[in-house]
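The structures considered in this document are given below.
Presented sequentially are two complexes of subunit A, the first with subunit B as partner and the second with subunit C.
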Partner chain A sequence: MGNQQWVLETHIPVNNATSSITFSNNNGQYATNDIGGTTIMSYTNAPVYRIHFKVRFLTSANSLGSSNFYFHGNYSSSNDFTYDYASANTNTSMSPNSAVGTSRDYGYSSGNQQLGYGSMGSQFSNHAWGTAVNDLDGNSVAANSRRRGAWITGWFENHFPDQAGYYPWHYQIGIVTDQHNDNSASAPTADWGAWCIGAGGCSAGPYIDTITIGSGYNFIGDFFLFRGMNGNYQANE
Partner chain B sequence: MTVKSKFYTLGSVETSNSSSNYLQLTGINTDFAVLRFVFNGMIDHSGGGTTNVASNQWQQGVSIQFQGAWAGGPNASAAKYRNHQCWQAANSSNWYHSLGVAAHSYSVTPYCEIGRQYYSSGNVDSSERFTLEGICVMPGNNQSKQILWKGSGTSPATAYQGTSYSCSGWAGETKLDAQNSASAAVAMSPMNSIRIGAGWDSAGTPKTLGVYSCLTVFGEGWTSDVQTGNDWSGT
Partner chain C sequence: MSLREPPVMCMIHDCATGETTERELTEEEYAIRDDMQADAEEQQAIMAQKQADAVAGRQKLLDLGLSEAEVTALVGAPPPDGASDVEAPDPA
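Moving on to the complex of A and B:
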């Protein structure tokens, strides 16, 4: 198989609702090559932190509030951030192909980096206009099943070549929902979704041996931490 | 729970001329934590006489379809998409965004659409190429799938570089409608195919991709913990 530079370090499946998850001991784990040699995933050896996730907030709130979706590294203080966003809170309804602008949020010396205005709950008011359907395996799936709900997809990324960079994170999340029946959706669409793109960092100490992602609301989902290394230290499994 | 560092290029296809309407990958292995789709190339807005695209105006980006939900595809009747597209241009302050696609007034559409370029006249290979990258998390599980996109397009012609017509950033989300009875079952099925095309002109004629446009899909990471069957059938 050969060796390559990417590692899937951790998967945190959240099948039971929680309000916070933490990737821990990020820099103490090892990559293993195809002859069993190991390389610790230190800041120097594995400078790229890439988090991909899908998440579903168990609330009907069409905007979570900025601090109700956040993340931070080792320090929950002195975090700075800014992001452009839109949600069903700022654009209460949207008409197809009618462009609208985004808003901006930012914070200085905050306890965390935030993106809640670009998020929304998946138990939105117009959810479940459909009826039960059979999936391709023949299972009946209710309209309000978690299997059919709208999910936020997210991407946080950090390049950490040294420990002097205070502002290494950039992030993007988005969700588009299933509002209005087919053929009746030319009218403005409520609870259409949410989105943001932003960046930030922590000036108290940019250490990310632990990374915590949390919310004021409970959520379910799947969270993956990938590491990009500065050499081909990991066997392709 | 076990994870593996499993990374593969799962498929790649490229145009060899400027007469292809789309690039397509099918039978994609979805046994990965994440699928990454990367398109780079251009839309031949001049169309070689096949389109009625006017010069000196904004044009839409690529069309996107997946899970076999396209005309002639195995799930053609499931082509009920939800689309949210965003763009950042030099003549606007923050980002702009909209639902649906330009050619349809409904928010349930037969395809998705991401990207926006200013077309001056003719096509300039060196300045109209763009990149679009999307991720699908848990492409093989039993839940509705979504692809999160970001990308960038360059200025369409030298004369417009650095002016208000430049366009830089694109983003968006695409999915099959998981409530519509025609698409819900397919929306929950694996993300095992994708078609990225040049879109259609206002008369409904398919546009063409430029030569050496390329679509690649990567599989990234593996986990033993994947929701399958009818897990989570309740709320």
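Moving on to the complex of A and C:
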């Protein structure tokens, strides 16, 4: 395979519960081509930042609140998430031709971009299939085990340079899960999932040499930082 | 010594070195976290009340003699029924 523009810069596996993760020195890593030549991933050489992730919030709260899933670049100030379409307060019900309770979420001069309305907690226990099950090896798996929760998946993307452009962040996240995510014992409920799509920016930046993702609730997950370069500098063998 | 038990951690990954470090939140960060959780609890209560109001309101319209179709035309579809769970289907 020839040299390419996209680089997997790093991967943060979050197996131990944490409240935030930070990618730092994002511009200090090098791309390497097929003959061993290196190119530093500076703003100029690698202007696109894309984070793909899956995440679970370790709480039984199904309504996280807007600020309980957030991210920001170097500046935790002057962040505007201004074009953000989300499901209800945090979650919604969907069936063919019907999506109930969608709403717009926005904020100005916040410390971060906020995606909590597109998120839900993952420690729910009233699955219709029982409070505990046994796996193929005979081990009991509790209802709120990490092995049974639903993932929130999505991506963020930013690009540089556009110092005058205040809206470089784009993002999309979603989760769909069991109908008992509100911990009610009876079906039906309307709490089946959540989603969010939108854009935002930071008028104090947008510098993104550091990117922080966090929540008021602990979480686990996987976070992959990709960089898009302005030439074919990377051999992805 | 931790500020709280169990301590709440955060992770910092240095892309230049590949090293990941963990540390406990500071007092200021704990305060922000507490505020976020309080907001979430408030949202949870608001949402629960909205759901209860929607169910009660729909029933009152039905009690007035409107048909399901008429109520749906006025206020939208009710929450969808839960799909059968393939791992534990409803008892016959």
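Simple rule for what comes next: the second predicted complex is superposed on the first by the 183 of 237 C-alpha atoms of A that agree within 3 Å, B and C clash if a C-alpha of one lies under 4 Å from a C-alpha of the other, contacts with A are read in each partner's own complex, and residues count from 1 in each chain.
Convention: a residue touches a chain if its C-beta (ideal position, glycine included) is under 8 Å from a C-beta of that chain, and two chains touch if they have at least 3 such contacts.
Values in this document were obtained by computation on a predicted structure and should not be read as measured data.
Of the two partner chains placed by superposition, A:Thr38 touches none, neither subunit B nor subunit C. In the superposition on chain A, A:Tyr217 makes contact with subunit C only, while subunit B stays out of contact range. Using the contact criterion defined above for the overlaid structures, shared-chain residue A:Ser109 touches neither subunit B nor subunit C, since it reaches no partner. In the superposed pair of complexes, A:Gln234 makes contact with subunit B only, with no contact to subunit C. Contacts of A:Ser67 after superposition on the shared chain: subunit C is touched, whereas subunit B is not.
Contact comparison for subunit A: of subunit B and subunit C, B touches the greater number of residues. When both complexes are overlaid on chain A, the residue A:Ala150 reaches subunit B alone and has no touch with subunit C.
Once chain A of one complex is fitted onto chain A of the other, the partner contacts of A:Ser77 are absent, as it touches neither subunit B nor subunit C. Of the two partner chains, subunit B is the only one that A:Leu8 touches; subunit C does not reach it. Subunit A uses residues 9-10, 94-95, 98, 100, 128-130, 178-179, 189, 192 to touch subunit B in one structure and subunit C in the other. Across the complex, subunit A meets subunit C through its residues 9-10, 12, 14, 16-26, 28-29, 61-68, 88-90, 93-95, 98, 100, 116, 127-130, 178-179, 187-190, 192, 214-218, 225. The touching residues of subunit B, counted against subunit A in their complex, run 1, 3-8, 33-34, 80, 82-84, 86, 92-102, 104-109, 135-138, 142-144, 146-148, 150, 171-175, 177-182, 184-189, 220-223, 225, 227, 229-235.
Across the interface of their complex, subunit A is touched by residues 8-18, 20, 22, 25, 29, 32-37, 39-44, 46-47, 50-51, 76-77, 79-83, 85, 87-88 of subunit C.
Subunit A contributes residues 4, 6-11, 13, 15, 31, 52-54, 84, 86, 94-104, 128-131, 133-137, 139-151, 153-155, 172-180, 182-183, 185-186, 189, 192-193, 195, 197, 222, 224, 226, 234-237 to its touches with subunit B in the complex.
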